[in-house]
Structure formats: structure tokens, C-alpha cells
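The following pair of complexes shares a single chain, subunit A, combined with subunit B in the former and subunit C in the latter.
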Partner chain A sequence: MNPEMAIYAGQSLAIPLTLVLAGLTALFIPIITRRDDSTPGLVILTSSLILLTFFPSSGTAFISMFSGALTLSPFTNYLWPFFLAALAFTALISLHARDGKPGSGEYYFLLSMAALGLIFMVSAGELLTIFIAVELLSVCLYALAAINRSPTGAEAGYKYFLLGSFGTGMLVMGFALVYGTTGTLNLDAIKLALAPGLPFHPLTSAGFIFLIAGFSFKVALVPFHMWVPDVYEGSPTPVSAFMGAAVKAGGIVVLYRLFAITAGAPQFREIFWALAVITMVLGNLMALPQHNLKRLLAYSSVSHAGYIVTGFFGGSEGLKAALFYLVVYAAATIGAFAVVAALEKDERGVMVKDLAGLSGRHPYLAAAMTLFILSLAGIPPLAGFFGKFYVFTAALRGGCTWLVVIALLMSAVSAYYYLRVLVAMYMEHEPAALEAAPSRAMGLALSLLALIVTALGIFSGPLLRLAQSAAIF
Partner chain B sequence: MPFEHLLVLSFVLFTLAAAGFLTHKNIIVLLMFAELMLNAANIALVAFSKFSGALEPQVFVLMVFAVAAAEAGVGLAIVILLARSLKTLNIDTVKNLRG
Partner chain C sequence: MNFIDANLLTVIIMLPLAGALALLLVPKGKTALIKNMAFGLSAAVFIISLRLYFGFDETNAAMQFTVDKPWLPDWGINYRLGVDGISLLMLMLTTFLTPLAILASFDYIQEHQKAFYAGLLALQTGMLGVFAALDVFLFYVFWEAMLIPMYFLIGVWGGPKRIYAALKFFIYTMLGSVLMLAAIIFICLAHKEQFGTYSFSLFDFYRTAFDLKTQLWLFAAFALAFAIKVPLVPFHTWLPDAHVEAPTAGSVLLAGVLLKMGVYGYLRFAVPMFPAAAQSFAPWLAGLGVIGVIYGSLVAWSQPDMKKMVAYSSVAHMGVIVLGISAFEPAAVSGAVLQMVNHGLSTGALFLLVGVLYERRHTRMIEDYGGLAKAMPGFSAIFMIVMLSSVGLPGLNGFVGEFLILFGSFRTYPWLAAAAVLGVILSAVYMLGMYQRVVFGPVRHEENRHLPDLSVREWGYLLPLLAFIIFIGVYPAPFLRKTDAAVKAYVSAAARQQDSAAEGQGSAADSSLTNKNVNPPHSYKAGRRAAKERR
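Now for the complex of A and B:
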């Protein structure tokens, strides 16, 4: 490793270390000062912003550290800032939602450790690193789901924990089988050990099926999505936003690596094909009858995972499109959950009919929600449209015509439940009970996210070029 | 003991644990079955280590122990929280959240 690369590796390692320090600071400040105020949130917010500002980028270098356990690549250059930005936005929304609630030190500590897990997950070069990163992420999220100590929070945390540990069991079995039949934990070496063209050893296939099932739990692909609506509904809304945007992205990245490793065997292509189709069809159909806004967004996030998996079939073009999609989808999802957080008052949550007449009482809130919903629905000229456009074009070039036809049909279906939200906000005028008082932090987050969703639609070039340079794997 | 026997033990234990997880109703018993799944996978890792002589899988097993302990810690905290609000340990009473 030449000196320049060594400096870059050191600078990059400073990012997770700073995150740990920031998390610990956030944890201990309320204990020392004996006050529950917004200081821990501000600590996490400023440190993630500082890390984003001074993010070291090395262009196209591939660096392998700790005997291959961690790798730095253009891929991590793209995803680390994405996770840091997701953390910053979640912290910003949480400042509003957690005002005056006890335990904010633990909350922000767990949030930054979850982001740390994501950062390690996407830069893992070994199965062991992936396992530890996934568990760091999951354990933090179980606790975050139940952090309000309310009955619904406990139920959400319990359901997430139970299905998550079932998923973990499958993951460890998968790791064991893949290791046992290939003789290595290193991802690149595993790919080399699986000779292209030859059928896999049955135990190897079983191992990969366990791994795909385990990560489908984390990403919430149908039929492994049962926990999603309940957990998203019962968790604190900023946590749901973080799960929907950042956690999903981390899982998708690991699924893509599994897809790339198993690409030599046609039956695995078929498994991913089937997962994408069921996820898009059922995710969208189950979203139709939802009345609770958080449940609706949860099912919408399930179906978006299906669209992203569609992009896997487009080769490196598809990966580029999927990376672009992850960012535009995350911006719209965090935004939509932020609007829910601004509106919700109690445990009951926000129903779609509660939005009636929102455009009259809170025109800016309604306008921001419109942008996020239209972007999720994929209406031009917003970013969501271009995300879908690039993903579907790439899959089409990869020869998956039927997959794209189904995806387009299901996008049309999704317009129905997205538009229901808009109809409630703009066309129904009943004196609804919900009164919002968005704080300044919430206003800032909403305007920034609305700006991102619009700007990435009109000027998608720069982000697309970044995704292009990251999509060499 | 031959390596195949260990592997078969691991698969049988894993299947039993998964089946128990899917059929039982007690909140804490479910947690135990999830731990049992992890330990079944651990046996498979150790079997592969015995077969190849490599030490990596044994390191993996130690990591799984550590992670399982952390997971159980958070899990039990959540179970206590839930049991306080439900006053029972039957999983069928956990149904406040549904669409």
C-alpha cells in the first residue's frame, strides 16, 4: 500500500471512529448534565454533517484492510455519505419528535450505532464482517423500535426482534454452509471457488438460499415482509423513516452482492426474479386497503424494494440505476415519514382521512407531502420518475421484458393509493382534528428533502455520474 | 465422531428449532427456540472446522456467542416491557397493531 493510499485508509477509518465517539458523547451528556434536552441530537447532527463535509474520496481506488475484512471502494465512497446524510436527516426529524421526551441520549446513541452497522455492512469483504455489521444494526433497531416504552412500541420491538432473530438463525446457518462448501469466508474468494457453468454443490445452494432468505427479512421482500407494517406503525416515526430509507439500502446492497456471487447459476437468477415479482405485486396490492398513513408507507417501501431488485438484472447499468434509485427513494421516504411526524399527536397515528383539508390549514406541509408522494409514485419531472425510468430501462436491456411489464403495471396500481393521499389533502374539506405545529428543525428537514426530490428530478446528471463511478464492482 | 454425524445433528436440531419457533405460543419459549437455531448453526460451523482443520469457523462461533448474548439482552428487555403491558405471556394477545 503506497503512502497516499495509507493516508486515505486512515482518513476513511476515522469516519466510523468519529461516529462511535459522537454516539458515546450523545449517550453520556444527559447523564452528566442531568437534563433531557436536544443536546444529544445536536451532537449527532453536527458530527454527521462534519463527516459529510470532510468526507475523504479516493476516486477509483480499491483498498482492502484488516486482511480483507473491510474494503474501501468507489462503492463505499457513494454509500457512506448516503448513510451519513440519512443519519443527519433522521436526527433532524427526531429533534422535533423527541422534544421533551426522556431517554434521548440512548436514542441518538442507538441511532448512530445503527448507522455504523450500515457503514460496515456495505464495506464488508468477509462473511464474518457482514454478520457482525448486520447484528450491530439489528440489535440497535430492536431497541429503537421499543424506545418509547409504550405498549405499541413494545409490540413493534417484540415483533421485529422475534422475526429478526429467526432471520439471524437462517443467516448463521447460511454462513456455515457457504463456508463449509467453499472453504473461505472471503466474498471474492467465494465467487472464485464457485466455478462458472458448473452446478453448485447442493449444500452451497442451500446455504445461499438461507442467506437470501435472511437478507430478504432485513430488506422486507415478500414473503419475508410480515413484520414491516406492524413495526413501522409501532416504532417512533423517525425510526420508521430510518428503517425505510437507510436500513433497506444496506440490505439491498448485501443482496446485490449475493446476486453477483451466485450469478453463475441460473436457478438463483430465477429466485431473485420470483422475489422481485411477488414483492412488487403483493406489496402494492396490500397497500391498497390501508388507512393508517404509516402502514401505507410501509407497504409502499416493500414494493419499492421490489423495483430496486428489478434493477439487479441490468448488469452494471442496472447497479448504477439501483444506486441512483436508493437515494431518490430514501429522500422521498424520509420526507413522507417526516410529514407524518409533524402531524402525529398520540399513539393512534395518522390516518389518511385525517389529512382532509390539510392544504387549507398547512399549505407548505401539504405541498411538501405532495412532492414526496408524487416522487414515490414516479410522476415526472420528480426524481422518483427518473429512478424508475433508469432501473426499468436497465432491466429491459438485461433482457427481462416480463419483469419490466409487471413492474410498470404495478406502478400504475400504486398510483391509486398514492393519489388517495393527495385527494384527501386537496379535495376533501372537513374540519379535521389534526393540527400540526412543525418546529424549525422539521421545517428545515422538509424543505431540504423537498428540494432534493425536485432537484434530482430536473438535474439528475451529477448524482447519476456519481452512481456511475460507484457501480464498478 | 465422523464429521457427517455432527452435520446431521446440526440439521436435525435446526429443523426442530425452526419448527418449534413456528408452532409455540409462549413469548419466552419463542426466544429460546431462536437461540437454539443459532446453536444448531454453531454445531455446523464447528463440524466444518473439524473437517478442514481451519480455525476461522471457531472464531465465527465465538462471535455468534457474543452477538447472541447481546441480542438476548435486548430481547429480554423488550419481553419484560411487553409482559408488563399485556399481563400474560401468550403470543396471541400481541395484536394491537394490525391493518
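Now for the complex of A and C:
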């Protein structure tokens, strides 16, 4: 490794270390000052912003560290800032949503550790690193889901923990089988061991099926999505936003790596094809009858995972499109959950009908929600449309005409439930129960996200080029 | 081309949107300022667009006032605009109707006025963009984006069933257009395969060759999206709901402009891109059009609600127009293009007149009127002329268009044309019947005895329409001349047969369609060779 690279590696490693330090600071501040206020949130927010500002970029360098356990690549160059930004936005929303709630130290500590898990997960070079990262992430999320100590929160945490452990069990099984048959944990070595053209060892196939199932749990592809609506509904809303945006992105990325490793084998293509189709179809259909806004967004996030998986079939072009999609989808999802957070008052949550007349009382909040919803629905000229366009174009190039036709039809179906939100906000005039008082932090987060969702639509070129430089594997 | 002309289209398209954003900054309470600003802006757009009309060279079949700037260069997506005779008339129709629709809303809209006028202006940008886009991706963006303001116009300011109508309008259109998007992407990828570069340019799409089976699929995807918009008969059910619930301005623009987009889509995209498939689909399209004429007329006949009657009469009129464009005869196509303008004028005027009555009595039922001639003579006179124009009385605009269509399509589809004549006769039956029951006879309801006649503002937005209804009826030649070259290009593009479609279209009839400034044409074989070398 030449000196320049060494410096770069050191700088890069400083990021997770800083995150650990910031998390610990956030954890201990309330203990030392004996005051439960928003200071820990500000610590996490500032440190993630500082990390984003001084993010070291290495261009196209590939660096393998710790005998291959961790790799730095253009890929991580793209995803690390993404996770940091997601963390920053979640913290910003949490400043509003967790105002006056106890346990802010733990909350922000767990949040930053979850982000750390994601950062390790996408830069893992070995199955073992992936496993550790997944566990770090999941354990933090289990606790975060239940941190409100309410009945729904406890249900969410418990359900997530049980089903998540089931998923983790599958992962371990998969790791064991793959390791047992290929004799290595290193991802590149596994790919080499599975020489293209030769049939897989049956146990290797079984191992990969377990791995795919395990990560489908994390990403919430149908039929592994059962936990999603309850967990998203019961968790604190900023946490739901983080799960929907960042955690999903991390899982998708690992799924893509599995897809890339097994790409030679048609049976795995078929598995992914089937997963994408049923996820899109059922995710959208199940979103149709939802009344709770968080559950609706949860099912919408399920279906979006299906759209992204569609992009896998487009090769590196597809990865580029998927990386682009992850960002625009995350911005809209965090935004939509942020609006929920701005509105919710009690455990009951926010129903779609509670939004009635929102446009009259809070025109800016309603306008921001409109942008997020229309972007999720994929209406031009908002960013979501361009995300879908790139992903579907890539998939079509990969020869998956029917997959794309299904995806497009399902996105037309999705317009129905997305529009219901707009109907409530703009077209129903009953006096509504909810009054919002968005704080400054919330206002800042919403306007930034609305700006992103709009600007990345009309000017999608720069981000797409970033995604292109990252989509080298 | 000088600086003004080079940016003329951009200014015309983007000015309403900029105005909409500016409107949002005006304080809520200043409704007079908001109204005047909205009207002034749209009037200014119309005046600027006159430069387009008079600067247009009708002897030249190529696209004019072209703009070509890279937007998403990775995919060959450019900001490409331009007009030929057909889009010129559609653009003028849009810029002409929008200020009138705004003027007609001054009293009708009392709630959220700022958002209403901003929505109308944003809608205008979408409509103008659809007619001027020469990049298929850009076209799709305008086509879809336009749904949002229209959705809100119906859903927020509409009648009692507005939410249902707005949702239905949105979902119907979106279901149709997602398949079109799939087809668009497919063609772009095929173009890359054949020529080696990504491009969404309309002319590159014309050049891309497909075998007949693929053409049929692709044509079907486009045709469905456009058939829903027109609407052709089995896909028309969103239209009566949307029309009846929409506020007057929404109905005017919906009938006047939005429906034309469907026909325009056939003229500009579906047919020239897939001529062979279009030839095999054309009898079906014409047949559906004629079914629409008869069905629409019969249903309109039985409507007790004036607005619904006008809505169904739109179905019938659009059916005639589709018959015209599927005949591939110059006379029929010219007639269809002119009839698109005519329908925009006369149906727009009918909706405005129904709106005038509704503002006075808050009912649209024919039963609730009668004997209006005494109380509202001015209204009754205008109503008669507009109604007769819609019926197709010689001397008024409707006759010219319908005559040309029927005359032209008789050679291709004698039976269908004959059946369409029946529909035209039916339209006289229900329109005259409605007029008689509303305007003549005894005054059945006391409230109607002292209804005020048209106000100055109402005269203001009806007279311009009336002027054009009579002018086109007497002297349609200038408008027909504008479209001549474009219509010929369309007919010759549609005549390209299957073999030319399969072997290559680069040098074929579309040389007249191709704008040499925008896209240097290169032969299909050269492109193929280049693609091979790259492999």
C-alpha cells in the first residue's frame, strides 16, 4: 500500500471511530449532566455533519484491509455518505419527535451504532464481517423499536426481535453451508470458487438460498415482510424512517452482492425474479386498504424494495440505477415519515383521514408531503420518477420485459393509495383532529428533503454520475 | 434564427409555470391582484404565441422554432422542442383558451383562489409542453406531470363527486401511460442496438426499425395511452365523471385541449413510429371512433344534465376525429386537425355557457330551465350559434371539419363514414332538443324569469370564441394552409409499408418529417454498420 492510500485508509477508518465516539458521548452526556434534553441529538447531528463535510474521497481506489475483512471502494465512497446523511436527517427529525421524552442518550447512541453497522455491512469483504455488522445493526434496531416503552412499541420490538432472530438464524445457516462447501469466507474467493458454467454443489445452493432468505427478511421482500407493518407502526417514527430508508438500503446492497456472486446460475435469477414480482404485486395490493399512515408507508417501502430488486437484472447499469434509486427513495421516505412525526400526538398514530384539511391549516407541511408522496408514486418531474425510469430501463436492457411491465403496472396501482393521502390533505374539509407545531429542526429537515426530491428530478445527472462511478464491482 | 425565435417556445412554455410560482408568493388576501395577474400572464402568453403563428413558415414541412439542449446526456435525453403545422394549431388553441378559462373563473371560484390560478397556469405549461416536445422522454414528462394540476383542479374545486372523478381520471390516465413508458424505453434500447447511441429524439425513434409483431405490441402500448386520453369508446368512462365534476375552467381545458392530446399522440407518435402496425390497427381505430360517434350521441340524447350531455357529445366528436386520422387521406386528416380546433372552440364555449347558467341557478339540469330567451336574449343568441357550430351547420366552423373528415374517409371506409354521418345527424337531434327545452317554451320556474343577461366579463370571454367559430366557418383556408405540409408528411409517413419498416426507414418518406438542423439523417445501413463495428 503506498503512503497516499495508507493516509486515505486511515482517514476512512476515522469515520466509524468518530461515530463510536460520538455515540458514546451521546450516551454519557445525560448521565453526567443529569438532564434529559436534546444535547445528545445535537452531538450526533453535528458529528455526522462534520463527517460528511470532511468525507475523504479516494476516487477509484480499492483498498482491502484487515486481511480482506473490510474493503474500501468507490462503492463505499457512495454509500457511507448516504448513511451518514440518513443518520443526520433522522437525528434532525428526532430532535423534534423526541423532545421531552426520556432516554435520549440511549436513543441517539443506538441510532449511531445502527448507522455504524450499516457502514460496516456495505464495506464487508467477508461473510463474517457481514454477520457482525448485521448483528450490530439488528440489536440496535430491536432496542430502538421498543424504546418508547409503550404497548405498541413493546409489540414492535418483540416482533422484530423474534422474526429478526429467525432471519439471523437463516443467515448463520447460510454462512455455514457456503463456508462448508467453498472453504472460504471471503466474498471474492467465493465468487472464484463458484466457477461459472459449472453446477453449484447442492449444499452451496442451499446455503445461498438461506442467505437470500435471511437478507430478504432484513430488506422485507415478500414473503419475508410480515414484521414490517407492525414494526414500522410501533417504532418511534424517526426510527421507522431510518429503517425504511437506510436499513433497507444496506440490505439491498448486500442482496445485490449475493446476486452478483450467484449471477451465473439461472436458478438464482429465477428466485430473485420471483421475489421481485411478488414483492411488487403483494406490497402494493396490501398497501391499498391501509388506514394508518405509517402502515401505508411501510407497505409502500416493501413495494419499493421490489422495484429496486428489478434493477438487479440490469448488470452494472442496473446497480447504478439502484444506487440512484436508493437515494431518491430514501429522501422521499424520510420526508414522509417526518411529516408523520410532525403530526403525531399519541400512541394511536396518524390515520390517513386525520390528514383531512391539512392543506388549509399547514400549507407548507401539506405541500412537502405532496412532493414526497408524488415522488414515491413516480410522477414526473420529481426524483422518484427518474429513479424508476433508470431502474426499469436497466432491467429492460437486461431482457426482463415482463418484469418491467409488471413493475410499471404496479406503480400505476400504487398511485391509488398514494393519492388517497393527497385526497385527505386537499380535498376533504372536515375539521381534523390533528394540529401540528413543526419545530425549526423539523422545518429545516422537511424543506431540505423537499428540495432534494425536486432537484434530483429535474437535475438527476450529477447524482447519476456519482452512482455510475460507484457501481464498479 | 435570431435570439427571440430561438427561445420563443421555451418562453411560451415556461412563462405560465414561472407565473404560477410567482402567484404563490402573492399574499392570500389580494384576490383581485391574483386574478388580474393570472389573466394578464395568460394573455401575455397568448400575445407572445402570436409571434409563433405569424412567424411560422407554412411552406416548410420541417419542425420550426426548434430548441435542442442536452438534459440527461447519458441517455441521449435532450430538451428538444419544435412545432409543425399540427402542433402550431394545438399550441395556439391552448394559449387562446387558457385566458378565457381564467376569465370565466373569476366569480365561480371562491375558495383557495391563489392555488386555483397557479394550478391552471401550471396545467398550461404541461399542455404546451406536450404539444411542443420533440423528445419522447420530455413528452412523457409533460404528459404525466400535467396530471397533477388537473387532478387537483377536479378534486379540490369540483362538484360533489369530485374525489371519485379526480381519482378515476388520474388512475385511468396513469394505467394507460405506464405501458407507453415501457414501450418508449424499449424503443430507445432498440435504437441503441441499431445505431449505437442512446437517443430519445422523436426522429431517431422514427428511424428505429422493428418487425411487424414487435410493432404491433409497441403500437398497442402507445395506442392504449392515447385511446384513454381521446377517449375512444370502451375507455371513455372517466370522461363524463371528470367533466361533470370539474369546475368550468377545468372542463373547458379538459375538453378543449386535453382530449386533443390523445389524437395528437396518434398523429405525432404512434402512427409515424409504427406505420405498418398503424395500417393494421387503423380499421379498428376507425371502427371504435364510429362506435364512439353513435354511442356518444345516443347517450348524450338521454342526459338530463347539460354538462353531461356536452361531455358525451365530446365522445362523439372525438370519434369523428379519430375516424379522420385513421383514414390516412390528406383531406380527412386536414379535416381532423381543423376539427380538433373546432371542437376545442365550440365545446369550450358550450361548457362556458353551461357555467354561465350554473353560476346563476346552481343547477345544470335541463328541466330546471326553459324560456330563457326572454330573460337572457344575449345568452340565447350566443348559445344558438355555438350549439349550431357543434351540430355542424354550414357556415360555422364545425361543418368544415366534419365535412372534410367524412369526405376524406369515405374513400377508405365507406360504411364507417356513412355510419358516422348518422351520428352527426343524431347530434343535431339532441343538441337542438336541449336548446329548445332550455331557451324556448314557457318559463317553467319563476326564478328564471329575471335572470340577468350576460355581464361584460362574460361577453368578454364568449365573443372571442364566437369570432373564431364564425371566421373558421366562413374562411378556413388560412388554418388549413398552416397544417398542409404537416398533414402531407403524416400521410406519407403512415404510408410507409411493412417492408420498408422491416428493412429500414432512414431514407424513406420521413425525410420530410426529419428536421435536418436537429438531426443529421444518416442512412439505416450506415447505422447498422457502425453498430456492427462497435461489437
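FYI, the second predicted complex is superposed on the first by the 473 of 473 C-alpha atoms of A that agree within 3 Å, B and C clash if a C-alpha of one lies under 4 Å from a C-alpha of the other, contacts with A are read in each partner's own complex, and residues count from 1 in each chain.
What we mean here is this: contacts are C-beta pairs under 8 Å (C-beta built on N, C-alpha and C of every residue); 3 or more make two chains touch, one makes a residue touch a chain.
Not measured: the values here are computed from a predicted model.
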Inset, instruction - Answer with clash or fit: subunit B and subunit C placed together on subunit A by superposition. - result: fit
Legend entry - subunit A residues touched - subunit C or subunit B, whichever exceeds: B
Inset, instruction - Using the touch definition from the top, say if A:Phe166 reaches subunit B (first), subunit C (second), both or neither. - result: first
Legend entry - Centroid geometry (CA): angle subunit B/subunit A/subunit C, rounded to a multiple of 10 degrees: 140
Inset, instruction - Please indicate which partner A:Gly461 is in contact with in the superposed arrangement: first for subunit B, second for subunit C, both, or neither. - result: second
Inset, instruction - For A:Phe62, select first, second, both or neither according to whether it touches subunit B, subunit C, the two together, or no partner. - result: neither
Inset, instruction - Please indicate which partner A:Trp273 is in contact with in the superposed arrangement: first for subunit B, second for subunit C, both, or neither. - result: neither
Inset, instruction - Between subunit B and subunit C, report the minimum C-alpha distance in the superposition, expressed in whole angstrom. - result: 23
Inset, instruction - Under the touch definition given earlier, write down the residues of subunit A that touch subunit B in their complex. - result: 127-128, 131-132, 135, 138-139, 142-143, 146, 149, 151-159, 161-162, 165-166, 168-170, 172-173, 175-177, 179-180, 183, 185, 229-230, 233-234, 289-292, 295
Legend entry - Complex interface listing, subunit A residues touching subunit C: 374, 379-381, 385, 389, 392-393, 396-397, 401, 404-405, 408-409, 411-412, 415-416, 419, 422-423, 426-428, 460-461, 464-465, 468
Inset, instruction - Flag every residue of subunit B that touches subunit A in the complex, lowest number first. - result: 10, 14, 17-18, 21, 27, 30-31, 34-35, 37-38, 40-42, 44-45, 47-48, 51-52, 54, 56-57, 59-60, 63-64, 67, 70-71, 74-75, 77-79, 81-82, 84-86, 94, 96-99
Inset, instruction - Flag every residue of subunit C that touches subunit A in the complex, lowest number first. - result: 72-75, 140-141, 144-145, 147-148, 151-152, 155-156, 162-163, 166-167, 170-171, 174-175, 178-179, 181-182, 185-186, 188-189
